[in-house]
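In what follows, structures are represented as structure tokens.
The two complexes that follow have subunit A in common; it is paired with subunit B in the first and with subunit C in the second.
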Partner chain A sequence: MMNNQPTPGKALRWFDPRHRQPGTWAFILNRITALGLTLYLALHLIMLGKLAQGPEAYDSFIALAKTPWVKFGELLVISAGLIHGLNGIRIALTSFGIGVTVQRQLFWSFLTLALIGSAIFGYFMFFVH
Partner chain B sequence: MLGTRPKAREGAFLWLIKILAGLSIVIVLGIHFVVNHLVAPEGLLNYADVIRYYQNPWVVTMEIFFLIAVVTHALIGIRSILLDLNPSDSFLSILNTILIVVGVGAVAYGIWLALEIASRGN
Partner chain C sequence: MTDRLWHVTFSIYRKKADQPPFYQDFSLEVDPDEYVLDGIERIWAFHDRSLTFRHACHHSTCGACGMLVNGVEKLTCITPIREVTKDGGKIRVEPLRNFPILSDLVVDMSEFYLRMEQAHALQVVPVAQSTLPYESLRFPDDGLPHERLNDCIECGMCVSACPIALTAANYQGPAALAAAQQTYSLTSEKSLLALVDCADGVWRCHSGFECTAVCPSNVDPAWRIMELRRQVIRHRIKRIFRQDG
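Moving on to the complex of A and B:
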């Protein structure tokens, strides 16, 4: 019962990629993307406040959003959203007892879909628009 | 050993809300991307486009619902992450208050912003 107690001083183990099951990778990915998306949500709500300041404030913000580094950040947000959303569908399904025996396959399939989706978004963001 | 298991501190109700909010986000985000980036030919990229988009009351309703779902899901999610650090009961009750204040504040701000944008139509 004490396995989930925090162990200060052993934090370096977090960065040891060995001996991890797919479920652990799913958990790690879900958590990192969760924190990233929460940060994005806060920034997004703050930046949309520029709409209330009128056309000049908002349109100059959009001009900034079209610069390459901001676009790269947006691609990370899209990638995180796809990973978190698709993996979340697996969690919701298995929570209700659906697909529990095939959840490894579900995880790898959804992760592949998320990476393909990110590549498509990246292509359109950097090469089409 | 029976009886030594700590009480689950997230609870079935919050867990169910988190799952349902998560599924709503997947659905609404799908609609959002189709409407904003496929139906609108050049996307909604300037002030005038956004104001025009918000003249449709269904859009305002959907965005407010989306806002509530995302904020709820994010804050319950932060709470479950912090629960993994085994906070004391007194810290947890302070945390609950902070999360409720932040959540109500974010939703109130978002609804104000959505209605403000909608009211700026010609």
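Moving on to the complex of A and C:
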């Protein structure tokens, strides 16, 4: 009778979007972006550590940071920050009874805002600076 | 009834005692306007009498026939076959998630019912307060003590769909929390707030809103959980200022 019972080991199935609703897609996005931002924080601290290794190490890192792939990675960080932050606002609102009946619309609106914000940042990163 | 019959394969989850589970296919000629439960009953009647499943009222009142149909929680007595497959298609039927399986499509809901009892779930509610507060269509309060059966039919589908119930065995679950909210709103029983104000209560919900999406009735468990959070916070603040006995 043990089969099919809840267990912490099933947490990976949180990330399965099949047959799920926008609420769960938001739930999945929030976890993925949180993991991505945590990874970025670790990388950021490692890169800052280059300062301690002298100007040459730091200059070589800056040269690397200007390559398109790293810029694209930075754009992903910005997108993750926007998605996570805006969805966080949605969760905070609905968690206290505000906008619960329109939580789907809130999700799509905030996701659209995050995508527009990412596009603006991308424009400045790739075409202006 | 439609004139044309569909050829549909029912892929049914089978499990007996400690034997490993497997899926067994049954090919049926069905009217697409029949319900999924009709197909399952026909399999039991004409193909395999050892198939076990729960059913009773056949009109979405008892909540017994909740199952996973093609990966989604459905009350099979009101789910038309044409809604979940096509002619020549397949219908995968599995037991509800997050409950121990007793046999084939039958799950053990004793823990679920116990939690509903702990939440003081109501069987009948005053008609005037039986709808959700945000609904525009409300019943007029004529001062008479009209009551009706509660909307929650205790089918357990909200618990099955909940991503948190998947990983947290002690989570009280959407149905019990919704019941606590409804009872608290009608009775102001403070003990209910104490029951749900814990890590496995209202604060465990991660706002997936799957419970509301699969609820075959008019309960809206997600809204009720969020409302219950508001009540818990309000009660806590009142306690700080000693305005609450």
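The rule is simple: the second predicted complex is superposed on the first by the 111 of 129 C-alpha atoms of A that agree within 3 Å, B and C clash if a C-alpha of one lies under 4 Å from a C-alpha of the other, contacts with A are read in each partner's own complex, and residues count from 1 in each chain.
Quick note on the criterion: a contact is a pair of C-beta atoms (placed from the backbone, for glycine too) under 8 Å apart; a residue touches a chain by one contact, two chains touch by 3 or more.
Keep in mind that this is a model prediction, so the values were computed, not measured.
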{"item": "Which superposed partner A:125 touches (first subunit B, second subunit C, both, neither)", "value": "neither"}
{"item": "Which superposed partner A:52 touches (first subunit B, second subunit C, both, neither)", "value": "first"}
{"item": "Contacts of A:37 with subunit B and subunit C, given as first, second, both or neither", "value": "first"}
{"item": "Partner chain in contact with A:23 - subunit B first, subunit C second, else both or neither", "value": "second"}
{"item": "Partner chain in contact with A:76 - subunit B first, subunit C second, else both or neither", "value": "neither"}
{"item": "Partner chain(s) touched by A:95 [first = subunit B, second = subunit C, both, neither]", "value": "both"}
{"item": "A:14 touches, of subunit B and subunit C: first, second, both or neither?", "value": "second"}
{"item": "Footprint overlap on subunit A, where subunit B in one structure and subunit C in the other make contact", "value": "1, 4-6, 91, 95"}
{"item": "Contact set on subunit C toward subunit A in their complex", "value": "15, 21, 70-72, 95, 97-102, 107-108, 134, 163, 165-169, 171, 206-210, 213, 222-223, 226-227, 229-230, 233"}
{"item": "Subunit A-facing residues of subunit B, complex", "value": "1, 4-6, 19, 22-23, 25-26, 29, 43, 45-48, 50, 70-71, 74, 77-78, 81, 84-86, 106, 109-110, 113, 116-117"}
{"item": "Touch list for subunit A against partner subunit C, complex", "value": "1-11, 13-14, 18-24, 26-27, 91, 94-97, 100-101, 103-104"}
{"item": "Residue ranges of subunit A in contact with subunit B within the complex", "value": "1, 4-6, 31, 34-35, 37-38, 41, 45, 48-49, 51-52, 54-55, 58-59, 62, 81, 85, 88-89, 91-92, 95, 129"}
